[in-house]
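Two complexes follow with subunit A in common, the first pairing it with subunit B and the second with subunit C.
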Partner chain A sequence: MTALAHAAGIHLVDLQKTYSKTPVIPGLTADLASGEFTVILGPSGCGKSTLLNMIAGLEKVSGGKIMIGSREVQDIPPKDRGLAMVFQNYALYPHMSVADNIGYALKVAGVPKDERTSRIQAAANVVNLGDYLDRRPSELSGGQRQRVAIARAIVREPQVLLFDEPLSNLDAKLRHDMRMELSSLHRRIGATSVFVTHDQVEAMTLADRILILNHGRIQQFDTPNNIYHKPANTFVAGFIGSPPMNLVEAQASNGAVSVGGVRLAATETSGDVTVGIRPEHIKVTESGIPVHVAYREDLGSHSTMVVEMENGQTLRLATQLGEPIRGGEWVHITIPEDKLHFFDAATGDALRSD
Partner chain B sequence: MIEDTRSINTTATLLLLAGCAFVLAPLVFVVITATQSYGDFLRNNFSLVPGTHFFENLQQVWELTLLPRQTFNSFVVAFVSAFGRCFLAFTTAYAVVFFAPRYSIFIYAAVLASIMLPLDLMVIPAYQVAANVAMPINAVANLGGAWETLFGAPLDLQLNLLNTYAGAAIPLMAQGTGTLIMVQYFKTLPVDLAKAATLDGASPLRFMVDILLPLSKGPLLSLFIYLFIGGWVAYMWPLVSISSPDMQTAVVGLTALDSGMGEDEIPNFPLQMAGAIMVTAIPLVLIALTQRLIVRGLVLSEK
Partner chain C sequence: MSNRFYRNKWLPLWLASPQLVVLFFFFYLPVFLAFFWSFYLERPFGGGSQFVGWQNFERVLSDPEFWTSLWRTLTYMVVASSTSIICALVLALAADRGIRMSPLARNVLIWPKAVAAASIGVIFLFIFNPFMGILAPLNEMFPGFWNPRINPVHTWIMIYIANIWSAIPFTFIILLTGLQSIPDTLHKAAAIDGAGPWRRLFDIQLPLLTPQLFIVVVLEIADSLSGSFALIDTMSQGGPGGATNLLVYKIYVDGFKAYDLSGAATQTAMLMIVVAAVTAFQYLVVEKRVKYER
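On to the complex of A and B.
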């Protein structure tokens, strides 16, 4: 299927949404490149579904522009925007066969029967459902239903594919399989894809770029690698990573940053800062900062611990393999200076030395 | 019941049997009386011994009374009113649930009002309107003599629906229970269904016909049967709005079966009971035929 060669980029220009005077999205500008897989990530209520529905045309825009390719689309009906959508609860038509579900859009558009049949078959083959065309959705498993929903989306050869938390109804194993499938599907068909989720694992694994949203504002829009290694602010730092990054109020003076008198690292800044330390970067060592292990969870491949410094500051840390440490013990930790993140204590924005 | 002990079960069974006997006894009486001849009945009065004249009585009902014609009238009136009510319930519920207009509160108010003010309470105004459907238009046009000043004479349009099927069926439609039922059903459907159809390019009308209507088959069918029976047994309104016997409905016609004879004669009860059985049989057959469809319809609309 090469029909999606005409994928188009999405440009959001000062896009706004207000519900009865409450701004949900106060003004959002972003460029999603053609063929790119963008994941919109954020906590519930951050406006991510609203944003997706506005792109789809299911919700009216309160202000600003949406461009798909070079067309301004915010005032044209959903079906003419050249996009298709996959929904969280599949939204398949229960009374229609798989083939009719996939082909409904073509039927509405008045595509002749022969062409319809061949396009349905082609779309079903892409998601490996070629043999299931006569089944009803109720006879399929959750994963298969979601694949029907994907086939229904791609059969229209859209310029843009939208996904509204499509994996959250699946169990953990199936979600993993579908993630791989979606990823390879995207590589094959290359449509510009926008994927909304609150699951950071989905975001990290699927995305070319992640758009992190909170209270309707973009917190960071970058590659998964940069989001993880160079979080733009404390919100992103705390949102991405499991267990989440330690964010510690610290004081910088005389070229060093310290927490309650314990020196953490050298720094050029001074005054109050928030220091971010990823749990997996903290090492348990022979000597270093003495801490008390308050809580410990063994997850097989690694352990996570909550430790308490002598001054009462708690830190989360993750050890690679289950080290023989028991709860209640005193151990020493070392925090590598080059792995620290510094944020402005007042605004939460990252302080960059480079 | 959560408890499952033998004594409770036995008591419950006995209670149910007593209830059954209480409900079924009059029916048994009807059936037995219908099998006796008028002569036997005059000799023995009511008796619990079945006779052998059931088919004779039915034949008499068929040949000598207006009941066959009136049964057809009932069928038309019940069908039209039930169909109309289903149609109104479906379309109103669609508007309320999927478009949530700001005035939906007024629709609810109207629906509730129609339930709390049944037709039986409004027989007189309903009769006046049925006698001249244009009456409200006339009244508005003639407010303060407006029409007379403009055209020289008061507006006096006439359209009489008394003694017609339309006059009997349409007022029966003005009742909103079906709307509430369909609203509840639509609320159980996934909201994304409408979004998916919108993105598939289906217009609201097309979504209603292609997606919503097939999904509502079960509830609509049950509703239709329920309302059909309601229309079939309606008594007050047909009695008031229809005066000519050959336009009358069967339930009203049944009561007229005893008036064919002289004042002092004992009514032909066996004939009446045979007629009652004939009139009851049609909704019974309807339920028997569609029962499986209804159940399957309810199961198919899986969530």
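On to the complex of A and C.
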């Protein structure tokens, strides 16, 4: 299966969605490159599923344009948009065999039986279900059902593949396996993929670029690496990372930024700023800022702590396991200056020194 | 049933007894008596009965009127149940799709359930009265256009419409519930697979509705038979010229008007065998095609 030739980029131009006068997506513009794997990430109710459904044609657009390749598609029905979709609850037809489920789109399109059979077999082989074609969905496990749903999506060799939280019904181990499979599948098929999730791990591992959405607005649309290392604002900073980034109200004056009188780092700005520091960047050291360990969790590979500075400011930090620290103890921490993020205290936008 | 669950072996029977007593007196006893009487010659005003073997059956089965009536009954069962189910299905599909006014329609459509078949018969007899009913103006323009008292086709149309009206609520509710239990994402998936509304109706909705369709077919076929009595008794009394003389009504007339108790009992036994055969056919043959997978 080589569908690379079919891949088409998606261009959203001032796309809007309003439910009975409540704007869900006030106006969204983004370019999803051809063959790219884009993950739309955001909290519940941020409009990510609405956005996906609008691209699919399952929901009407209130304003703006959707382009797939060079075609404007916002007013044409789902079937003519050249896309396929994988649903969270699989949405398999329970009364049809696996083969009929996979081949339904081909049957509707009037593809001759011989060609249909070979394409069904090919799609089933891609997801390792070649021996299950006669089964009913009710006879399959959750992971196998999800594979059928994926085979059904790729059998038409669509220009665009849409995924609506496809892994959230699977258990943790299966989710990990399917993530790897989806990733290698995408490399093989090369269709432009849009994947909606609220799970940042899925987003970080699968995406070429992550589109972070909150209240229907793009917070940041960038590579996983940039999202993690250069968050565009406090929302992205607090949303990505586990435990999330510490965001501290601080004051900058005389070339230094400090929290409640404790100097954190040198800076060129002045006035109120929000300082962000990732828990994993804070080091426990011999000397430095004295803190009181308020709470500690061992997670095997690492441990996380909540510590309290003398002025009452709390911070989360993550350390390698093996630090012999107990709850209630006083320790010293060092915050590396080059790992600090600065945000405008009023707007939350990142203050870039470069 | 595990015996260990109930320490007292009579307790299960005792708990089931209210049902069993009702079933016995109102179902098994009459059935048994019908078969019993079909082998005896009963006197119309009581007092002694005489065993006659298969003579009642010979008499009934050689009567051409019985066969016409049985044929009409079977036709009625098929036409009445299919027309009422199709009407209810169309309404349920419309209500499921959430067209305008469907919440109101959903309530209004339940109302006929509260009206007895006899009342429905009286009401429709009035509605279709050739001189006072809704078609009376047409009769004035084209004399003889509509007269269910003379024209058997008109009588049947009137009875079928009354039957559809009385049968819709139950079937509508069952079918609507069935349609609403089909997950929305299946519609979405099928829409993306390229199936339009009609294609989805035949490929997704109807196959997944077969459990509900099967149960309403079984119940409607039985109901059309028992419900027909009240409609025919109030609307046509088997007329005109015996055209609407279904077996249920013929049995009543033979038994209670003509006092041919044994003949009526024999026809009842025959009818019961026919109904049992139809039901058995449904469960043994038709149910195989029902899609229960979810």
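To be clear about the criterion, the second predicted complex is superposed on the first by the 351 of 354 C-alpha atoms of A that agree within 3 Å, B and C clash if a C-alpha of one lies under 4 Å from a C-alpha of the other, contacts with A are read in each partner's own complex, and residues count from 1 in each chain.
The rule we apply is simple: a residue touches a chain if its C-beta (ideal position, glycine included) is under 8 Å from a C-beta of that chain, and two chains touch if they have at least 3 such contacts.
Source: prediction; values computed, not measured.
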item	value
Room on subunit A for both subunit B and subunit C (clash or fit)	clash
Partner chain(s) touched by A:Pro166 [first = subunit B, second = subunit C, both, neither]	neither
Touching partner for A:Leu58 - first (subunit B), second (subunit C), both, neither	both
Which of subunit B and subunit C A:Pro94 touches, first, second, both or neither	both
Subunit B versus subunit C as contact partner of A:Ala109, first or second or both or neither	both
Touching partner for A:Met85 - first (subunit B), second (subunit C), both, neither	both
Those residues of subunit A which subunit B touches in one complex and subunit C touches in the other	56-58, 78-79, 83-85, 87-89, 91-95, 104-105, 108-109, 138, 152
Of all residues in subunit B, those that touch subunit A in their complex	190, 192-193, 195-202, 206, 210-211, 214-215, 300-302
For the subunit A and subunit C complex, residues of the former touching the latter	56-58, 77-79, 83-85, 87-89, 91-95, 104-105, 108-109, 136-138, 152
List of subunit C residues in touch with subunit A within their complex	183, 185-186, 188-196, 199, 203-204, 207-208, 291, 293-294
Subunit B-touching residues of subunit A, taken from the complex the two chains share	53, 56-58, 78-79, 83-85, 87-95, 104-105, 108-109, 138, 152, 156, 164
